[in-house]
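Take this structure first; my questions come after.
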Amino acid sequence: MKHTYRILFDCPDRVGIVTRVGDFIAQHGGSICDAHHHSDSDSGCFFSRVVVNADSLDFDIQELRLKFKPIADELDMNWRIIDSSVPKKVVVMASKGSHCLTDLFDRMRYQEFNCEIAAVISNHEDMRGISEFYGYPYHCVPIDKNNKSKGFAEVERLVDDYQADTIVLARYMQIVPPALCEKYQHQIINIHHSFLPSFIGAKPYHQAHQRGVKLIGATCHYVTEQLDEGPIIEQGVQRVNHSNSVEDLVRLGRDVEKTVLAKGLRAHLDDRVMVLGNSTIVFD
Amino acid sequence: MKHTYRILFDCPDRVGIVTRVGDFIAQHGGSICDAHHHSDSDSGCFFSRVVVNADSLDFDIQELRLKFKPIADELDMNWRIIDSSVPKKVVVMASKGSHCLTDLFDRMRYQEFNCEIAAVISNHEDMRGISEFYGYPYHCVPIDKNNKSKGFAEVERLVDDYQADTIVLARYMQIVPPALCEKYQHQIINIHHSFLPSFIGAKPYHQAHQRGVKLIGATCHYVTEQLDEGPIIEQGVQRVNHSNSVEDLVRLGRDVEKTVLAKGLRAHLDDRVMVLGNSTIVFD
Amino acid sequence: MKHTYRILFDCPDRVGIVTRVGDFIAQHGGSICDAHHHSDSDSGCFFSRVVVNADSLDFDIQELRLKFKPIADELDMNWRIIDSSVPKKVVVMASKGSHCLTDLFDRMRYQEFNCEIAAVISNHEDMRGISEFYGYPYHCVPIDKNNKSKGFAEVERLVDDYQADTIVLARYMQIVPPALCEKYQHQIINIHHSFLPSFIGAKPYHQAHQRGVKLIGATCHYVTEQLDEGPIIEQGVQRVNHSNSVEDLVRLGRDVEKTVLAKGLRAHLDDRVMVLGNSTIVFD
Amino acid sequence: MKHTYRILFDCPDRVGIVTRVGDFIAQHGGSICDAHHHSDSDSGCFFSRVVVNADSLDFDIQELRLKFKPIADELDMNWRIIDSSVPKKVVVMASKGSHCLTDLFDRMRYQEFNCEIAAVISNHEDMRGISEFYGYPYHCVPIDKNNKSKGFAEVERLVDDYQADTIVLARYMQIVPPALCEKYQHQIINIHHSFLPSFIGAKPYHQAHQRGVKLIGATCHYVTEQLDEGPIIEQGVQRVNHSNSVEDLVRLGRDVEKTVLAKGLRAHLDDRVMVLGNSTIVFD
């Protein structure tokens, strides 16, 4: 993978933003590999992701940030510049289910994700074997029904210790406390086993079976304090019919869950996801 | 199309139902062309659709019904026997939108549907030209916001006069009164412009845009007194992204709406849909 | 729709192309509404579509072209600048089948396409009624099996007379002669009823049935002298199974054909399609 | 899973086959759980899969076969009766790629397949670790380019020793010799990384990229002596675009490959696949 700097920003829309940024890069001899823009007419916001060939600049990312700051200030940007050669640090949280977890592990083997899996945290021991087989540290942190705060304090300590910048809930099945959601805003990715906003809450496949839908789905989204209400990154569906039991839906749903989680996570790790209110912009 | 009798029934599940019915047909020299069964474990109900070659029997459908009745009584069936050579009579209800209507008309030209379109009823004049071009009688029945009952009384009179057995709401945009829903139970087919149960009610594409979903959908269902809550016959989805405006969703949605309505209607007209509570069994 | 100028070009890839073009527009006070780029590593070609708000420039398209020419020459571009307010002129060619034709007509009603349908040409009379209902001139030009050149000379004369810039083969079923293909290079759009390159040539649904595939498809492509070998613009598929007869495939295929043709045509009319050898770049 | 006997047969089509079989089962007190039929009009063949509750019969499968034989002879059937409680014995063959293999392993953990994996055979060592982690015996049998027969003799010996009845080529990448194909007719399942019959042979993703298709696919089929020409069990596709490199197609293709292989294999293991010439009937 080419060494690049990813400049992501949003700012009030006006004429000449792209050219302003393009000129800035050109004047430093920089070469743009990729650029995506989105202008949101409702909010009047402009979103941009510009990828610069790192080797085309004769200074480092710190200096790039310093040089970019005046433009960012002038245009009133929210912005960040990310070094593509620094893989994100991911903590994966799992429960007893293996399908999303082993799917992620296999994709790591194929280097589909630009990240390191720092550790796997689970409230059960079931996934220790496969996690350690792949060489990932495993922490079993039970969540006591009557005192969840103790368990999540330990989870938070681990995430902090690993300096994780992304937390993946790979069918974790526990509700993350609001404080943790806020601390890691737009950094916690969940896979919900329904086509949101249908069937929010518990047992969505039972709800889907009950309602007699002809398609089931899965939704990858950022976790917010509002359960199953966070910004949606990716969704997928799978056809079902009257002959499918709830167990069939659960089985068929696994395929969608793991695929949708992988797509959403990949977009996040490539810094292709930007958040606008409760929606996302996902640049291809 | 081969001339057949379609025997549809549901009854409490027990051993030997299929054989009992098969023997009955065989003993009269009948030949089965097609047979589908479904056993619903939750309700303990058995559903069946058995298609008999009409020419293989040396009596008519009235006598078939008489001969079948003792078995039906014995097995405690809800049942009906339908002559495939008698096309259903359909009244299509439309508003100003043309996409579902012209799609249905073109499919009629290809003989995709085993039905006659008896008439088109609309609360606007817009679709008169195209309906009459295809040779279908057109009735404009305005629905007065402040006195809907008058309009719907006229609609009901027309439907009755045409002896329609199926009413298709091809983006009709008006809420059908409960009494009419009840009178034509499981005979009124609607296309709802969302992936139900998401975005029930008005302006679902606006709701979808607001929520930032990555797929939009459409749902073909039987109309019941509960708005958008009736048994689902067919659903479809279409991928969208952040760059799509509400107008784009409306445009992309039209493709799903017309396709899903056509699939659902075709299943209904072929008597392949059976209703179980608020769900459907759709035999392929 | 906003009044814009669409600048499309391809040129040898090098550093600074986007900025060079961006600066050019900025220096004339122009505002960029939309921009897409693609760098093809195999060929070393750079492709770009830049959309400028026409009202942001204080000169017209002729002058824009004059001013742009030096940059285009310098960067060795193939280029064109298109005025979005000038709808393309389309001649639609049809045979006896109605599904693609009526689908296009209905989409015209919804203003999905930025074009005028100048005329419909067919080798049969069947589609005259519906075409004239929608107000489109209709020309029946029979194609004599033993002297196709006479018919196609007439077709060419009509297309020329209408000053058409796009020819849509909406299931036209006749092979367009090489000279006409060449004259209207990348302006003739065909819908082929298979998932190319599978089942090239005649009766693809029969071939698909014979081979026992589990999905059928349709392909929208530019017509070249090589039958069914031109650059692909859009493709779609539809699930089928063992119970489907050839007639079922034909029926199910119609839905894919009309949808895929509409998508491909829309991309063409919006000047979102660029050709690279035998492939296309389709900007979303 | 309920203990059942699966009666599969095909025979020349005639009136009364289903009833004849139904009566036979009923007369022995048997209860039918599931039944699917297909009448192929081209060949005049009738295909059937009838599932009988094993506990409803007071004799074992051997006696069932004995009792069924006279009917089978009378109706000129190809037939087999399978005990659902006897899982099939599967040998999985792999190369260096892990995605199909680990996907199968995870599905085994969820008991999605009614089978035992007897062993994994590969021409490389790469997959030994993960196979043994899951507890499956692993055999590395190198295939010498210049003397393939030696390697395949060893493969055949192993398959025979394990008494495997199903061989899964999970991206095995070697061409199985004709004699082995014939010996295990309709028992060797391959996943081909294209939407057959497109891109037969080597490097299909390169071919797809070269041709500029907008969808890529994968095909699960029975292996025959004709490379990539065997009866198709299942297919799937994935959307791609001009920005995708060959490497992207390979990555995106992996998702389709593993999903399609799993679906096809599941149908095979449930004895839901019947072969008619070069096509399959796959009962849902």
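Should a chain be cited, it is by its letter among A, B, C and D, assigned in written order, with residues numbered from 1 in that chain.
Heads up, the rule we're going with is that a contact is a pair of C-beta atoms (placed from the backbone, for glycine too) under 8 Å apart; a residue touches a chain by one contact, two chains touch by 3 or more.
Note that the structure is predicted; figures quoted are calculated from it, not measured.
Enquirer: Report which of C-D and B-C is connected by more C-beta pairs in contact.
Expert: Of C-D and B-C, it is C-D that has more C-beta pairs in contact.
Enquirer: Farthest chain from chain B, going by the mean of C-alpha atoms per chain?
Expert: Here the answer is chain A, farthest from chain B.
Enquirer: What whole-Å value do you get for the distance between chain C and chain D if each is reduced to the mean of its CA atoms?
Expert: 41
Enquirer: Mind checking the centre-to-centre distance between chain B and chain C? Centres are C-alpha means, answer in whole Å.
Expert: Centres of chain B and chain C (C-alpha means) sit 36 Å apart.
Enquirer: Scan chain D for residues touching two or more other chains and write them down.
Expert: 243, 284
Enquirer: Once bound in the complex, which stretches of chain C touch chain D?
Expert: 38, 41, 195-199, 211-215, 217, 231-237, 241-243, 245, 276, 278-282
Enquirer: Chain C touches which residues of chain A in the complex?
Expert: Residues of chain A touching chain C: 15-16, 18-19, 22-23, 25-26, 31-33, 35, 37, 39, 56, 284.
Enquirer: With touch defined as at the start, can you tell me which chain D residues reach chain A in the complex?
Expert: Of all residues in chain D, those touching chain A are 98-99, 102-103, 105-106, 109-110, 112, 129-130, 133, 243, 251, 254-255, 259, 262, 284.
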